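Chains here go by letter, A, B and C, matching the order in which they are written, and residues are numbered from 1 within each.
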């Protein structure tokens, strides 16, 4: 910053101190998660609690795979996130393309409906959603979780915004004159051009699905079909809670998120705020 | 003659068994799974072709999942473990096999069990839905070292006023708390004073009785203990609870006999020799915990499920194996005659505690389960916490609790 | 293209069919493209919502069997609205909404301003650090904090005990270890978790809004001799109003349906602290899946729905006008 106002450097120093303090407070729980994952319960709750890594990660891991079908749950998590992401990328970009590049009757009203659904508090739909899934006999099947999430409103909104800003109408018209069908325009012209936005939407969807809990907890009724957050929850509240193992499982649940975030934090943050800023 | 249908079932079973290895799923909660694992090893000696798969879920999750699974008829195991607090609710529903009927004919086994367990698993229309696998005779644990230091004779704690008076002395001389949580005193009183063949919270006609003098006295005792600062205000099954036992910051605890297994195995093994047990004060006997196994009507392998249940509940070797594994007190009377019952327990300073527990188990009055037991328990828990933590008047809290329970009985 | 060379063999149906298809697909393509959303929304969004409205007037427990519900009129609503356990959970929700919501914004706005003012090269990195909790599974967060909130030797209690030895601060803090898992204290624990989890998200929102404020506004103010604090007060804050409206709306909607954090910290309801920490959505969940009163649970959902609607409307009234005025 070039502008220096009276006392500016003092303010700046205070600012740095504040940021460091806040950063430490933000990171600390993650740090303790990893540290506790390498200790046994008696150490975690002993005095003083561990502040550096121990040597019991493998012990904890053993407990984990013995008590719960850990890798099965991990796979379920991954499968749910993957299916949701792939289908969302397709249906959201298709709908976004539809809203962005066409003039058609009811377009504004239909888009308003899409946006309005974002305001419906999701958790309140938990019970009716469960009843529906029960009615159609999808309890305990993974499709009950990803099929309803194939075309989310947020994804459609993000795709529409990006397509409007990134794809000139003339390009679409030119393709049409060349004899492309409407779907071909989407598939051959639009899709390759919106790759960055697809990447962002993919990240958002993947992370969101990876973290799902409330509805999975209700729909999936056996250990074989549950996802990792739900299964980890079942370890808690036992008579002999293995907190070391729980922290190991939690660390393994969070690790992929941290990895993805480390690689694409900027993209993710820009994607998530782009809607907010423009609206 | 009664054996024939199950023999037939067995034949069918072995016919299938020759073709392939059969899998049986059992839904359990910790740490009953540890007992079951020990029993399965023995079971597999008899039935090598049966693979028993455990679905282990946390206590509340297990029962909630079972509840919804029963309702939807989906996702049920072949055999389900049921804890005593839930058996009444499940008995009144229709989701489990009536074991009185053929091919089970469980009637012939009933006399082999601790009597009160049979009533607990029997519905009001007479259906018998679950076999008792372990019981929890309520008992009084105390730290002999702390009591000695305080100069307290445990015999003087055998009345409730004497118990509280001893608590004051212990607190004053050693600084240790009398008990981890005052509410435990209320609960043991409520359970132990339940008249035979009724639920703790409902009378024989099913009317809510939580405002009766029994409950007032139980709440008052807890409140006195809290008011005198004699409890550590530490909830059960928390790290602080384990810590208190380990460090000897609490002098007594009321619980099921099974707590000894937990203390010895993992909670506070280093306190070996410092604990003793005696019967509850004022000639009270109560059941504190206990588990059952039942067969959901949707089970695809009922014959085999029944074989497993019969094995773990009615054979002495399986019952003793569970006892050895986690200290699960056998529900089977003959298992209680096992020579190991005479053995002194080193963790309890060489006391022959099992004989004491066996005696208690035989004196516990049969409880009758009510399908609203769970919600009544929850509402009463909240009432107790309002009295203890928020200073609410006892009579007002109990009247309110009664109203709340009645509202739920729609 | 092939169709132009093709010779019509059976009348003129061939080419005109192709042409008709061409104009047909051009005309209806957008409808088809946007239709998946609407089909899914009708089946999995709208229908269940309406069905739950219907269900809220019935008594039904799943063991009765599908379709065997009993019409009870407004009974579920009168039951819920006169249920002290429901009102306690509503009070918990509103309390948490306020005491976990307001601090988020009070921290996030200055934090975003500071990040914007003092950082340049590390801006993305620092923002990312603050943002990290937002993308982390709520269940994972609640499990981690469950260990951190331990009464004896818990990290949070040890930090408080250490701060207690400082002058001034010591007077404010309790001398004994706090048992966070009691009815009276659990709310504070939950509020801390929620603040920790969502402050970074709000910081990011405010930062993006601050970055959109033209630089010359600040420069002009600096020329006039305005200090940083004055710039913040008279330029940044007023221009942040639309974003405040947006962010506060999100916080209200989010906080009113707080479920996973209390659900895990209260061990699914099996906790001594449940009365004091159970939120309305958690109570709804337990009504449905523990006590199997689906009709009553549906009525709770609808009461909450209306309640959130009213709050959103009030927020619109208070902040919304200012937000539009600020544009």
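The criterion applied here is as follows: contacts are C-beta pairs under 8 Å (C-beta built on N, C-alpha and C of every residue); 3 or more make two chains touch, one makes a residue touch a chain.
Keep in mind the model is a prediction, meaning the values are calculated, not measured.
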**Request:** Return the chain whose centre of C-alpha atoms lies at maximal distance from the corresponding centre of chain C.
**Result:** B
**Fill in**
Of A-C and A-B, the pair with more C-beta contacts is A-C
**Message:** With centres defined as the mean C-alpha position, give me the chain A-chain B separation in Å.
**Reply:** 42
**Asked** If you average the Cα atoms of chain A and of chain C to get two centres, how far apart are those centres in Å?
**Response** 14
**Fill in**
Multi-chain contacts in chain B, i.e. residues touching at least two other chains, fall at 58-61, 68, 72, 239, 243
**Prompt:** What parts of chain C, by residue number, touch at least two of the other chains?
**Reply:** 62, 150, 152, 267-268, 270, 289
**Message:** Going by the contact rule already set, what residues in chain A reach two or more other chains?
**Reply:** 45, 134, 218, 233, 236-237
**Request:** Report the residues of chain A in contact with chain C in the complex, numbered from low to high.
**Result:** 1, 3, 5-8, 11-12, 15-16, 18-19, 22-23, 25-30, 32-33, 36, 44-49, 91, 94-95, 97-99, 101-102, 104, 107, 110, 113-114, 117, 119-132, 134-135, 147-148, 150-151, 153, 156, 176, 179, 181-183, 186, 207, 210-211, 213-214, 218, 229-230, 232-233, 236-237, 243, 246-247, 250, 253-254, 257-258, 261, 265-266, 268-269, 272-273, 276-277, 279
**Request:** Write out the stretch or stretches of chain C touching chain B in their complex.
**Result:** 59, 61-63, 75, 79, 83-85, 150-152, 179, 181-184, 267-272, 274-275, 289-292
**Contact set on chain B toward chain A in their complex** = 29-31, 55-61, 65, 68-69, 72, 74-75, 237, 239, 242-243, 262, 266
**Request:** Provide the residue numbers of chain A that touch chain B in the complex, in ascending order.
**Result:** 41, 45, 67-68, 134, 139-140, 218, 221-223, 233-241
**Complex contact set, residues of chain B against chain C** = 58-61, 64, 67-68, 70-72, 93-95, 233-235, 238-240, 243, 374-375, 379, 381-382, 385-386, 389-390, 400, 404, 407-408, 410
